[in-house]
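In the two complexes below, subunit A is the common chain; its partner is subunit B in one and subunit C in the other.
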Partner chain A sequence: MEIFVGYGNYTIALATMIGIYSIMALGLNIQWGLTGLFNLGIAGFFAVGAYASAILTTSETPKHIGGFDLPVVLAWPLAMIAAAFIAWAVARICIRLRADYLAIATIGIGEILRLIFKNEQWATGGTRGISNISRPFEQLPGIWAPLAFLGVVLILAMVAYWLAERGRTSPWGRVVQAIRDNEPAARAAGKNVETFRIQGFVIGSAFMGLAGALTAHYFKFVGPEATDPLQVTFLVWVMLIVGGNGSNRGAMLGAAVIWTMWSASELFSSRLSGDWAHRAPFVRLFLVGLILQIMLQYFPDGLMPRQRQITARLPRKPTIDQPQSSHILPPF
Partner chain B sequence: MDQLLVFINAYLVPGIVSGSIYALGAIGLTLLFGVLRFTHFAHGDVMTAGAYFALTAIGLFGLHPVLALPIAMVCTSALCLCINHFFYRPLMRRPSLVLTISSFGIALMIRASIQLLYGVESHYYVRGIQRSTDFLGTFRIVDRHIWIVCCAIVLMVALHLLLTYTRLGKAMRAVSDSPELARLTGISTLAIVKATWVIGGSLAAVAGVFLGWDGFIQANMGWDLLLPMSAAAILGGLGRPYGAMVGGLVIGLAEELSSYPWFGGDALLSPGYKTGVAFTIMVAMLIWRPNGLFGGRVQ
Partner chain C sequence: MKDIVVPQSKAAPPGTGLSIKGISKSFGGLRAVDNCSFDVKRGSITGLIGPNGAGKTTLFSIITGFLSPDCGRITLDDVDVTRLAPHDLFHRGLVRTFQIPHEFSKLSVLENLMVVPANQPGENPITAWLRPGLVREREEQVFQEARNTLAFLGLEKVCDLPAGNLSGGQRKLVELGRAMMSGAGTVLLDEPGAGVNPTLLAQLSQMIMRLNSERGTTFCIIEHNMDMITSLCDTVVVMSSGSVLTQGHMSQIKKDDRVLAAYLGSSAVRALQ
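And now, the complex of A and B:
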């Protein structure tokens, strides 16, 4: 009986993290998959969401600013807005530059945010971070508490998926994909490229902020070094590339596959003894890197390639037209 | 006088030293960008690899860090060529951002390998108090700082001579200016790409060894330098090696001087935010002069 509870708890924890990472992968898919924006500061937006929600929901304490005691229903949307606001500020400056510059700038913003969270002790508790964050439904007995939280995460992940999918198939989604594929053409069609890019970046970052808020409440703690920021960013990227860049379902599948592997290898490595137990995490990171390289080289579309319905729906031109048209003189 | 002494010993000299290190790294970044048209996100970790190669050499043969430089340069160049052959070359025909993603993955793979082989703790090339030399009876400059700055100057002059007077250097500049035209004139792009990896990798190795010599050697030291190095490369204009030299020096000095108490007793900027300086300069550049101080090759 004991062992079943253990496995049950493990499965619930696994599913909860998959839900949270799916939301981030969906956010990155909006930024990179649809809009073609390179974001290497995922962990930064994630942390903004986490800290915002933590500060808003905790009660008065001398360790950091707080005492707002807001319910999560209010704090989570505010956390998304906080992440979106930071993203908007970054995007305003960097969005019209080369994609490489945006990538470097997002690394920079992630680093600055980490420094702020670490150094501004009055606001964020410094290196000790913020603890005693409440988790919704934690008062429920036994296994029901994590199960109920898992339910919340999964519902939010489904809502995020629905929103991302609606966005992708909407006119807005077609415009951002057109910008990604051929910017001059989209510009010539009268689309304001900068505005659409900023929108894509901000919406994706809001998703990352929500994931951060969920993680803070799930772990009941947030700190500047709680998770290796680079590792979070890297994992989300691998999830999207493995799942299928540009496909929302692929992003979720990638999150499930990569997190299961990541987490299962931890289960395996904890059985190892002595020196190798310390080294196993690095082997794991190396292997995930290798998976990324293999996917990039051999399966660039990922496990679930994006649906190319926009072009597929167009009626096919009869090929016989083409030689004829070449004889017609141009109209000028 | 006392004030001036503190300024020079604790702010100006460290600024020049870290500026030289940034410059060496930024030159590699900018050369690679010129030839391959992508930002090599693993450049910082290539530096780390160089530092660890030197650490191994010093541990095995008990060399002086400067004598370990050639070994680190050769090993790092070989590493770069391998990475290029197995991971970047198959992606050459794809959009350059795919290469950027790949290099981000490579950065973590290099770091993971180092952590696997050497662990996460800090290492040192030389232990104990360092010898220092007196100048004009008042300035005390640590010997390694003199070594670092002199070696950096020698390498930069060598690079200048290579780029200006040799066939290889001219071919590299030609490919950087216009890959198509260079290919039409019969320059082998593949050979140039390899040469660029060797030069960029060697300079990164030197930068890594100096960085480790000046402080300590740790697995994530290179990644932390990616931001100031990119800032230096952007400041000088991507694709311009001379710009990167100036950019590196400017960023290094700005970082150190920003925490000097210019007004009254407090530091102008808390040293905890030192890394932010490079970023602020970079963002300011991106807003007002996105092509860099001297005009970059690519917009």
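And now, the complex of A and C:
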């Protein structure tokens, strides 16, 4: 019986993290898959959401600013807004940069944010982080507590998917994908390229902020190492590439596959003995790097490639009224 | 061509058209465009010819806001539009096409055209999420407009293919299609005939002529195919080494020794004579 509870808990934990990472992978898909913005500062926006929600929901304490005691239904949207605001400020400065330079700039921004969270002790608790964050439904008995939280995460992941998918198939999605394909042509087609790129960057970062907030409440703790770019940024990128860059479903599938492997490899490596146990964390990274390499070499489109028809269901019946022999021109 | 319908928006708006006055642009030490002045009259088809490197495309880029001129003034129907961004000029009815086709390669041909029209409420993400009815309504109009334009261009069969899969000539047509979808009154075409086979070229000329006569679209066309220029253009402007050499009707231009010299080099012309 006990072993089933153990497996049950493990599965719930796995699914919760998959849900959270799905939201981040969807956010990155909006930025890179649709708009073509190379964001290597995912961990930074994740951290903004995590710290914002942590500060807003915790009680008064001398360890960090706070004492707002807000409920999560308010704090999570505010965490998203905080991440979106930082993204907007960054985008105002950096969005004109070409993909590779934007990548470099966002690495820098991710690091700046991490160092702020690590060093501004009065606000963030410094290296000790913020603890005693409440988790919704934690008062429920036994397995129901994590199960209810999982339910919340999955609902939010589905909402995120719905938003991302409706965005992709809308005229907005068409414009940002046009910009990604050919920026000068998009300019010639009358599109204000900067505006659309900022929108893509901000929306994607808001998703990352939400994922950060969920993680903080799930672990009931947030500290500077929780926002380690090597884990957060790197894993989310691998998820999107493995799942299928440009495809929202692919992003979610990638999150499921990669997080399951990441988590399973921890189980595996914790059983290693002696010298190998010390190497285990690096072996895990090596493994993920290997998967990435194989995918890029042999399946560059990912497990679920970009769906081609991006424009939402339109009447496909022949509806052109074409007078057979008339030169009269119908107005639009 | 007979049973094809020109998707029409509106007759040519009154106005003086496009006027370029004293435009110059240097890249480092190279004076790519040097004090260029000419007019593209409303409702005309004006040709812009000249040897390679004469600065024609640079001038197009300046007019449409892709490059900023060092000096000079551009007016559209007597309104100063110098240094406006491409999207601002688009909304004032001035668009360009590209010499090398700039298609949205992963979007379908249909979507390539559907991107273009202005006033699409669904281009605002919030509206796209929350007002699907409003978005859909406009989307169906845009869809119909794109289908009509594709029918006009003879591209219906490839409408669902990614534009990146098209042939060079078809991509040229998509370029023209995007310009048509803009509903712009003034269209600058950069070598619409380059790399297009002779049959398609004849059709292309006809399409341009019909758009001009039936929709009232003003065209300025860069082209190396002299037959096309002769058959299409009322006025021809000749550029050489960044400046306007001469302008006038093609019949006069053809007799002008300076034009021949610009193309062939003055020594070659002397030898010919």
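What we mean here is this: the second predicted complex is superposed on the first by the 308 of 332 C-alpha atoms of A that agree within 3 Å, B and C clash if a C-alpha of one lies under 4 Å from a C-alpha of the other, contacts with A are read in each partner's own complex, and residues count from 1 in each chain.
The rule is simple: a contact is a pair of C-beta atoms (placed from the backbone, for glycine too) under 8 Å apart; a residue touches a chain by one contact, two chains touch by 3 or more.
All figures in this text were calculated on a predicted structure; none of them were measured in a lab.
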Contacts of A:Leu40 with subunit B and subunit C, given as first, second, both or neither: first
Touching partner for A:Ile112 - first (subunit B), second (subunit C), both, neither: first
Partner chain in contact with A:Leu230 - subunit B first, subunit C second, else both or neither: first
Which of subunit B and subunit C A:Pro171 touches, first, second, both or neither: second
Which of subunit B and subunit C A:Leu163 touches, first, second, both or neither: second
First (subunit B), second (subunit C), both or neither touched by A:Lys220: neither
Which superposed partner A:Lys63 touches (first subunit B, second subunit C, both, neither): neither
Partner subunit A, residues of subunit B touching it in the complex: 33, 38-39, 41, 87, 90-91, 94, 96-98, 100-102, 104-106, 108-109, 111-113, 115-116, 119, 223, 226-227, 230-231, 234, 270, 272-273, 275-276, 278-279, 282-283, 286-287, 290, 298-299
Residues of subunit C defined as touching subunit A within the complex: 2-3, 5-9, 64, 66, 85-87, 90-91, 95-98, 102-108, 110-112, 114-116, 118, 120-125, 128-129, 132, 135-136, 138-145, 147-148, 151, 160, 162, 178, 182, 214-215
Subunit A to subunit C touching residues, read off their complex: 163, 166-167, 170-175, 177-178, 180-182, 184-193, 196, 199, 203, 306, 308-312, 314-315, 319-320, 322-327, 329-332
Footprint of subunit B on subunit A - complex, ascending: 38, 40, 93-94, 97-101, 103-105, 107-109, 111-112, 115, 118-119, 230, 234, 237-238, 241, 278-279, 282-283, 285-286, 288-290, 292-293, 296-297, 300
